[in-house]
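Read the structure below first, then the notes.
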Amino acid sequence: MGKVVTFGEIMLRLEPLGYYRFLQSDQYQALYGGGEANVAVSLANFGVDVDYVTKLPAHEIGQGAVNSLRRFGVGTEKIVRGGDRVGIYYLEKGAAQRASKVIYDRSNSAAALAKAEEFDWEAIFDGAEWFHFTGITPALGGELPLICEEACKIAKKKGLKVSCDLNYRKKLWSRDQAKETMTKLAGYIDVCIANEEDAKDVFGISAPATDIEGGKLNHEGYKAVAEQLAGTYGFDMVAITLRTSLSASDNIWAAMLYDGSRHYFSKSYPVHIVDRVGGGDSFGAGLIYSFLNGKETQDTLEFAVAASCLKHTVEGDFNMVSIEEVRKLAEGDGSGRVQR
Amino acid sequence: MGKVVTFGEIMLRLEPLGYYRFLQSDQYQALYGGGEANVAVSLANFGVDVDYVTKLPAHEIGQGAVNSLRRFGVGTEKIVRGGDRVGIYYLEKGAAQRASKVIYDRSNSAAALAKAEEFDWEAIFDGAEWFHFTGITPALGGELPLICEEACKIAKKKGLKVSCDLNYRKKLWSRDQAKETMTKLAGYIDVCIANEEDAKDVFGISAPATDIEGGKLNHEGYKAVAEQLAGTYGFDMVAITLRTSLSASDNIWAAMLYDGSRHYFSKSYPVHIVDRVGGGDSFGAGLIYSFLNGKETQDTLEFAVAASCLKHTVEGDFNMVSIEEVRKLAEGDGSGRVQR
Amino acid sequence: MGKVVTFGEIMLRLEPLGYYRFLQSDQYQALYGGGEANVAVSLANFGVDVDYVTKLPAHEIGQGAVNSLRRFGVGTEKIVRGGDRVGIYYLEKGAAQRASKVIYDRSNSAAALAKAEEFDWEAIFDGAEWFHFTGITPALGGELPLICEEACKIAKKKGLKVSCDLNYRKKLWSRDQAKETMTKLAGYIDVCIANEEDAKDVFGISAPATDIEGGKLNHEGYKAVAEQLAGTYGFDMVAITLRTSLSASDNIWAAMLYDGSRHYFSKSYPVHIVDRVGGGDSFGAGLIYSFLNGKETQDTLEFAVAASCLKHTVEGDFNMVSIEEVRKLAEGDGSGRVQR
Amino acid sequence: MGKVVTFGEIMLRLEPLGYYRFLQSDQYQALYGGGEANVAVSLANFGVDVDYVTKLPAHEIGQGAVNSLRRFGVGTEKIVRGGDRVGIYYLEKGAAQRASKVIYDRSNSAAALAKAEEFDWEAIFDGAEWFHFTGITPALGGELPLICEEACKIAKKKGLKVSCDLNYRKKLWSRDQAKETMTKLAGYIDVCIANEEDAKDVFGISAPATDIEGGKLNHEGYKAVAEQLAGTYGFDMVAITLRTSLSASDNIWAAMLYDGSRHYFSKSYPVHIVDRVGGGDSFGAGLIYSFLNGKETQDTLEFAVAASCLKHTVEGDFNMVSIEEVRKLAEGDGSGRVQR
Amino acid sequence: MGKVVTFGEIMLRLEPLGYYRFLQSDQYQALYGGGEANVAVSLANFGVDVDYVTKLPAHEIGQGAVNSLRRFGVGTEKIVRGGDRVGIYYLEKGAAQRASKVIYDRSNSAAALAKAEEFDWEAIFDGAEWFHFTGITPALGGELPLICEEACKIAKKKGLKVSCDLNYRKKLWSRDQAKETMTKLAGYIDVCIANEEDAKDVFGISAPATDIEGGKLNHEGYKAVAEQLAGTYGFDMVAITLRTSLSASDNIWAAMLYDGSRHYFSKSYPVHIVDRVGGGDSFGAGLIYSFLNGKETQDTLEFAVAASCLKHTVEGDFNMVSIEEVRKLAEGDGSGRVQR
Amino acid sequence: MGKVVTFGEIMLRLEPLGYYRFLQSDQYQALYGGGEANVAVSLANFGVDVDYVTKLPAHEIGQGAVNSLRRFGVGTEKIVRGGDRVGIYYLEKGAAQRASKVIYDRSNSAAALAKAEEFDWEAIFDGAEWFHFTGITPALGGELPLICEEACKIAKKKGLKVSCDLNYRKKLWSRDQAKETMTKLAGYIDVCIANEEDAKDVFGISAPATDIEGGKLNHEGYKAVAEQLAGTYGFDMVAITLRTSLSASDNIWAAMLYDGSRHYFSKSYPVHIVDRVGGGDSFGAGLIYSFLNGKETQDTLEFAVAASCLKHTVEGDFNMVSIEEVRKLAEGDGSGRVQR
């Protein structure tokens, strides 16, 4: 089995302890996270050989990001070092009717200012089998759309599978910008991952009669969305995560997968949330792991959903769960009995 | 819009971390809180100009109380400084079937020993539009009943609206004492706020066939209570908070408001509790904010209930929420989706 | 009322803070716990005179275990001091679908290597009325089965009641070893306590058609199990705790008690879990307390179940609750209203 | 060797973490301490059988004080339970030129309001050999001077040695009050312990030409003070601790002992301070331990000074050191080499 | 006495706990600080009426900065709200031979991108008597040099005294840039404050034969520097802080003041460091306080040096000391004896 | 430059926070450390390619040890996984006259029970240039002496330099056992590292007239020791660290190096201690780094001493310092001035 490469921005995540609000706290938990880094750690925790690519400053805050990855076995040798700052996101954990809150301070990070010539994709993809990125990376602007395109081109040339999680972020770019750029990149993408809103935000494709705020999801609608995505952009696979937000503490979590001919729906999990950040990323990592291991489609989907269900019980961006734990849940044991 | 003035006692709140019981912990979270202070901070968080009046020692523990208020924008210039001690309440957070526990150590505090001549109400109410206090303040004894009466008198003379949250505390005074004193003060009060039990404890007015311990509430009964309160004591408005205690972790929260002619009932919220102390105070603050801003009665009630629903998700006595957060919930979005 | 003596191993319990996984944490909560020590502390919290017997090293880690007991009033004078190490268990708290995880590092502890001649049971049982141990103690191997037998023999000789919680631990011994040893000890035991699986694991007696993983329990089956246990081994009383694991965060908790003629079933409590370790031990302590105080059988059971229901809301192995708190719940008030 | 009994008030000690000032901190370390309790714990740590007598409320804050003592092996059976509050002292740790700061909130504590009839000194002193108290106890006022006198009378009657640490606290009583009361008690005292200022504050006996603020001590002067104390009040032994305050972080620590005929001076230790509260109490405990064990006078003094030197390196009021550690230092090894 | 106004940038200060290095820590203390904000808080702690002016984002991280100031009584009404980010500095505390380390992430902060038209200096200086800023503020670039010049102009026009701490930061601008800008501003400055290196870095004026790295200071040289500064730029007063760095843990601290005719040298303090950040700012605040209160020149200097000596014992950027504490030290009592 | 390989045992290090004693603390800092692991991390921090070899259990506590190494860039691919337990050492930090205390619980660890056939030294040393181990490794007993010998043999065969830090631990083996085993291994060792006592404990070679407890060191004596060591056992280089223990808080630190012909003495550093564990290991790492980089002998020694001087200011076993920081100190700048 070949290596996986993921590319994006890893940020410093600053978070008041427990359920304190920003204005009540003078201590922050200081972890690191970011879509593609989260996928990389999750894969490493499944025993996959994975390299994470980004640009990070040489100073200790940048080094902290590197160490947060290699601690869990992610390859960091391809990370370009330089620039001045590590992007930051402040996170306040919600509870019940009070939503979690994110304040971004990521402009002008080393990653956002990275230059195309700093990445030797031919070398980076040496020995690799899969390339993953998210829509956040081109949304960073500067040369990033160009770098993503170049990475995709060389990935395809070298025979890698390419997956992308659309991950629309309205604070980073407009829907028009997203559509223009992502349309260019879509042709290289084999596996497209999205949540309930991404398809509409990025490609203007929406599930009829879905009421996200109200927490209701419409399965038939998502089948149509998946078909349109696959039909229009030529994705081999389209995966859509289906989150019903009952409150900041309780969600229902499921997903569907469309393989060009059939729609698969996963089991649905009630999730009592410890930390939901990185939920989608852990789903992506579950998918990639399963595809790499040649699982059946329904099993692939169930593994990915079980993995990401467990993510909601883990603090931090990274999904710290093992294959065995995911399998146990996917096979039906969510009883949480003490493992002695 | 004029200023709000609140008057009462602010205490040091000492609380074991997390869910530790008193006897397991050798570290305390040290925050400050008290009914009228909680209302003041909540109003300041809504952008209202508010002064808090009390008496506090000049030493650092007293200064800590002052700083806890001015940090959030509450005016503290009218606080009388002097005396020896800050009242304390020890709080142990309950969970599920285990109730939260409060141990008071508030006797002989600077506030409880305050003298009438220390407060120049004419000056304090200068530029003010609203005066709020709770039944706890006269219950402190000493000259406090007298001081409250004097404050009310001058408030009315200067045209302020007066609100009072009955807040009966059986450790501070008997029902007879409460009735005698509160009956004297009732004539000055425009808006009376109570919880399910206060009307009975203070004025002997009870909702027929209500079974508080069993967690059942009787809407018709509360309508009768509100009418009797308004009828007997001449309140313009009577607001009653309706808490159904399923367990220390889960409550249902709602309220009713009677304006002398109609009864309004709010939406009912299931609350998964982070910290329920100050729930009633945050409701009072929501009411006052809405009245000051001339909202419709039903909207007034819904704002107050939504504000206090959110309080249950916030650590500490103070309700750290913004107008926007309250509005979003009052308008129906309690989905808790991450705000990025 | 005479003294209770409990005998077993107390371990250092090392646990990441909050919901952190082992690999995310570089700080451990360091508490102490172990089946019989948990029973002892629980009894001491009910005001019972209780001695705990074990062997612990003379160094500070051993002394820490002693202090953790005498802090709550357990008699520690009979503890043998010597040996090199305190057994350890690492505990990772689960949430929702993610199970709690225990890693044992208890081999070669001072307790496991204790010698029969180090315990003078005649003296230890002086003035005692009840002796309690669990199946974990003989499972430690070495001379422990022998020591347990000797303790039981002398206990019976001196007229003590003997209770034993089967507590099968598959990492400590095989089912065959357990059956052989426990069969020898069974003759001395008056009160046998077990959970849903112990009877099967230890004595090969199973409730027909019970599906533990699926969380379903079969009351009729357990009646049969209790009868067989009592019939085969001559126990006066058989108590079985009935846990339905909905998830690591939510269980349903109940128990049954068979007195040789009738089966009693307790109320059933939904438990939202703070810490479920020691749940069974707190049930045992509730039983012993009630038996010592001559309660009616149904009341005995209800007290024990209410006590252990509350344990799930308390951090650590030890059940830190008072008789009053247990009674209040047993009598039906689980509303969790703040106790001021 | 008989038992030691100490009598006084134990308080809740609330202290910001690390070197934070009161106004910077919203978390307090919550320990317990008080002159005579500190002596009791220190003696228990030396293996001495010791009972601590006081009055404490029945609630959890009072129970916490009890547990803090029995955790370390102090006998707490003679503690009277009742009253409402545990006295508090707030402690802010100083550093370098910034002094440590103490704010007392101890008025009206259960101990301060204790009644003479609540203490059965005949029973308390049963089997005891030594009685220790400090000048703080009568300074609490109310019936405490009377209770101390009664305790002393019965102690002498039953043949106990009586020691008293003068411990003048200007916030508790005036010099005149102190002199009047302590003069009455002096006749019962065998061993009088004082620091550099107490003799002057309490009895008006001063060392000529001592400049405490400047940190200079005058050995000849103290010899004179000791002689006067012994001469005037008939003490068998007078011990004076000699502290040179270079800064809040660094002191020089020594003591002298006068046995009615000779003056003994101890070695002098530079102490780099972790926590200096309880320094004098740990000295008293060292003296008592040595007297009980019949040590030579110089050895007695050196043991007491070495014990209290080590106290300065231990957090909290209690001196957590062993006989072996004290001996090692008294014999000259203060090299602090790692003990493996 | 009129108001003081200070103007500059306040940053979020992120610092590993205790002595942990950046790469060892996943928790940060999150305080706020910045030269002029530090001066403002110090003055507020001395009871001075002081306004702090800057630009801060409207979000919670910006609000946190505002709250950190008003908590201690600094006026924040003149702060412009807007922009996206709060500048950050990461601080790692040194010890002994290991130096403290600062990593700046302050580019593009709301303050650095502030526009001249956002500040109405006429209104800001209403009722003010003194204006203080540091060389860091114009060094932020953009319109800041211009804004500083305008502020100075209007300050002088309205009769305020103007003080400036040169505070050269080589990461913000070159020596040439500094000289050009500061030369323009010098004409408005009455009181110039500098450390041992600033005069050389900013104005190219150096003390002959000073060896900073070696920790030696040359008093005669500094007299010459002060005279040149005053002579060339027309300052009424020149104050120079004199720090001898023995190690990251121990410094010697003193200062000189030149009033155009005489040089005053302060006492010299050995400082055992808790936190040395903000040492210079606390000196500046001490000077301003003394000038405003019309103290003698030597007393002014001694007050400022004692205040800043104490700052080294206080965690955080802000000097949390009272006038009484400073006076006590300035008058010679640095013994650190416990204040009860 | 080739790779370095180190081999030994890494333990879980459990330590009360701050200066709390074991019996006062219910929270432990949980780090990892061990002689050869410490050397490996230190080398990785200097940018050296280094592999650490040991045996660790597959469970999370074992994985935690692996992660603690790869986080800082140490190669962990050669670590054998298996066995049941990770060795533990409990560490209590001393202060002033109170010594640090270590309690070992390392028997029967996976490393101590490792088997010779589990290590393929030919493969492990592939591409390596240097092999380092300490006397602790053979002292673990079992097959470890044999494994060390085999490792040394193959290392020499493949042309690696071999260094060994004698590191005598009296709790692991007797002096006789140490001498017998280490004499066998000595023939393979090129660079022998020892502290002031090791030569005597292991080989019976002592410096005449050295008084370790008193803190005095005898330079002439150590020259003689080094010569004897080199002469008797054929070491190319002998390095001796020279620690003068003034107290647990303050040491003087220096070293000597003997190259067979000349003795080199380093500068002597007063060290104010944050954490002295791993001081010797950081010296060894400094030596190896310098030898690998072909430094002059005096420079080699100064680098190693400066590196280990800095270690004393760093929490944990690992020396978290960079080449630049070491060089700066070795070149004479220990002023600790803030690095901005």
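So that you can tell them apart, the chains are marked A, B, C, D, E and F in the order they are listed, and the count of residues begins at 1 in each.
Convention: a contact is a pair of C-beta atoms (placed from the backbone, for glycine too) under 8 Å apart; a residue touches a chain by one contact, two chains touch by 3 or more.
Quick caveat, the model's predicted, so the values are computed rather than measured.
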Compare the contact pairs of A-B with each of C-D, A-F or D-F and report the one sharing over half of them by residue number. D-F
On a CA-centroid basis, which chain has its centre farthest from chain E's? C
On a C-alpha centroid basis, what's the spacing between chain B and chain D, in Å? 45
Scan chain B for residues touching two or more other chains and write them down. 18, 21, 23, 26, 67, 72, 101
Does the chain-touch network form a line, ring, star, complete graph or other? other
So the complete set of touching chain pairs is A-B, A-C, A-E, A-F, B-C, B-D, B-E, C-D, C-F, D-E, D-F, E-F
Where on chain D is chain C touching in the complex? 67-68, 70-73
Parts of chain E lying in touch with chain A, wherever the complex brings them together: 14, 21-23, 25-31, 59-61, 63-64, 67, 84-86, 88, 90, 92, 101, 103, 105, 107-108
Applying the document's contact rule, which stretches of chain E touch chain F when the two form their complex? 18-21, 23-24, 94-102, 104, 169-171, 212-215, 245-250, 276-277
Hey, which residues of chain A end up touching chain C in the complex? 18, 72, 269, 271-274, 309-310, 312-316, 320-321, 325, 329, 332-340
